[in-house]
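Below are two complexes that have chain A in common, paired first with chain B and then with chain C.
Take a look at the complex of A and B:
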């Protein structure tokens, strides 16, 4: 890229100068930054003990901000829907497919169940350790991507993905509505969540269940995105 | 001497200054790419770099020295002396949304290239006629 041809020298120098001034002013301001910033996190950490969940980030994502997470899942669904709408409008051709290496095929076949198992583990233990539904779903989608790279005949059944996605979305909303009826709020924790059970797999009430649902939804949607993009690029 | 440098770097002000200046530098790298490149996918990648700069700024500013991750373990059995969990959760949300927007934008770019054969921003002139 020829910088001098694409942008004029005046633009470049004024850009650099303004960046330098901003950095200077910022570093002067930073000299008296407060040691302890005020945050709402301390009160949330106090409330967190009532839920029986070891990972506070999971509680914030699934319980305190559960409604926002529902909206986020909806955004992800709409993005996946848009990609499917854009990229599957033409017929799929099988020309120009390159046969992949033998080592890649064998290694992908060996690694596929292990990666799936790791994704399910990250998803299931999201309330006890690092990880959670989003991370586990993306790991599962990466396993699907590996299979797509290694094999020309691998194909995700649209029917199965649709059923999984619909099941996950509906059960998220249904659990929220049950919480609204049984307890007082949407996504209320109506299952037993005792602090004495902290650290067990079945602790935390609805929090691990909802995170597993999120993992199913994210995994199926990301796999669908991968499939749509790969099918389209095969047409070239 | 190395201990002196490490002790200087371990101050809260120095850590936060490094985080802010570094993330602003990364942001300007992305902004420069956004302004100088004309290829559509390069523009999307530049927007992704700017997003990552904002994530680093947010997480780095919420970090406080001496506090642990907001999670119980063998050594921590109660929710005291822990970092704020809210920025982690918000950045988790923002990463997923950024990924979805990037994938959707790239699919639009692919479709535009399929329809018109153009992949540069300065060649987009369909609305003029």
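Take a look at the complex of A and C:
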């Protein structure tokens, strides 16, 4: 590839200039960095026991960085919305529709509840063991994908998914606002979260509730993405 | 022993990633990027980050690559 023909000289030189600028600023910043910045994570992890959550990663994701997680959920919603919007504007029929094998259909139908159960387990035990809402939601969406691949007649009710998604989004913000009123901080932990209940299923106050809400929202959005991607072509 | 596994996985990640970006066909590259994700799962488990490993296994290897494949199918229909 001839670089000189494909990329203009101004672009190359401005890129080099900006890269040099970024490197200079970074080197100045890294030399004068305050020593306290490096221990930010440690001081947060020391506060972990206040929330009574066994999994420290969950405390960081849902409690200390709960607002960031709300933003991530919003980003996922916009991605799902964009995929739906982009794929509705195209109309083309599906020519190579293959009827799937009987064994595939039966196996998928057998596996479907087990995968759903595993996803719900990962979602509900996010504050005790490995996993959480994001992972559980995507596991549920992969079960939906399996059903879509194996069966031609499987269809997600748009109404149900919409209600689930709206409910999850509204209740996340509502819990945050209740925390703002009761504990004076957005997403404050207003439910009992005693350290003596560490390791129990009902522990950690609002943390497991928020993770289940995240799981519902991620699961419904990812399922909707899968449905839009796979079924749009043969619906219209 | 753990060190050997770590070194082997590191080399595997680099080799699979290189093979993936040199593939002429896009579906092959996507499948190989799933392999990169699987090797990264081993790395995350060895570095004692099971949360990140589960996320990588589910999102990076599972549904992410499948969404790539579905998008490729849509792109192919447009041509």
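By our rule, the second predicted complex is superposed on the first by the 185 of 236 C-alpha atoms of A that agree within 3 Å, B and C clash if a C-alpha of one lies under 4 Å from a C-alpha of the other, contacts with A are read in each partner's own complex, and residues count from 1 in each chain.
In this text, contacts are C-beta pairs under 8 Å (C-beta built on N, C-alpha and C of every residue); 3 or more make two chains touch, one makes a residue touch a chain.
Everything numeric here is computed off the predicted structure, so don't read it as measured data.
J.: Pick one for A:197: touches chain B only (first), chain C only (second), both, or neither.
T.: Neither chain B nor chain C is touched by A:197.
J.: Considering only the touch criterion stated at the top, classify A:171 as touching first (chain B), second (chain C), both, or neither.
T.: It touches nothing on chain B or chain C.
J.: By residue count, is chain A touched more by chain B or by chain C?
T.: B
J.: A:229 in the overlay: touching chain B, chain C, both, or neither? Say first, second, both or neither.
T.: Touch status of A:229: both partners.
J.: Quick check on the superposed pair: does A:82 touch chain B, chain C, both, or neither? Answer first, second, both or neither.
T.: A:82: touches chain B, not chain C.
J.: According to the stated criteria, A:130 is in contact with first (chain B), second (chain C), both, or neither; which is it?
T.: both
J.: Just to be sure I read the superposition right, which of the two partners does A:69 touch: chain B = first, chain C = second, or both, or neither?
T.: After superposing on A, A:69 lies in contact with chain B but is clear of chain C.
J.: I'd like to know which partner A:141 touches here: chain B for first, chain C for second, both or neither.
T.: second
J.: By the touch definition at the top of the document, which applies to A:152: first (chain B), second (chain C), both, or neither?
T.: neither
J.: Please write out, lowest number first, the residues of chain A touched by both chain B and chain C across the two complexes.
T.: 55, 57, 87, 90, 130, 132, 134, 225, 229, 233
J.: Touching chain A in the complex: which residues of chain B?
T.: Against chain A, chain B makes touches at 12-13, 16-17, 20-21, 24, 28, 32, 35-38, 61-62, 64, 70-73, 78-80, 82-86, 88-89, 92-93, 96-97, 100-101, 103-104, 106-108, 110-111, 114.
J.: Under the touch definition given earlier, write down the residues of chain A that touch chain B in their complex.
T.: Result: residues 1, 3, 6-7, 15, 19, 22-23, 26-27, 30-31, 33, 35-37, 39-42, 44-46, 48-49, 54-57, 59-61, 65, 68-69, 72, 75-76, 79-80, 82-83, 86-87, 89-90, 129-130, 132, 134, 198-199, 218, 225, 228-229, 232-233 of chain A touch chain B.
J.: Of all residues in chain A, which touch chain C in the complex?
T.: Residues in contact with chain C: 55, 57, 87, 90, 92, 122, 130-132, 134-135, 138-139, 141-142, 145, 222, 225-226, 229-230, 233.
J.: Touching chain A in the complex: which residues of chain C?
T.: Of all residues in chain C, those touching chain A are 50-51, 53-55, 58-59, 62-63, 66-67, 70-71, 74, 77-78.
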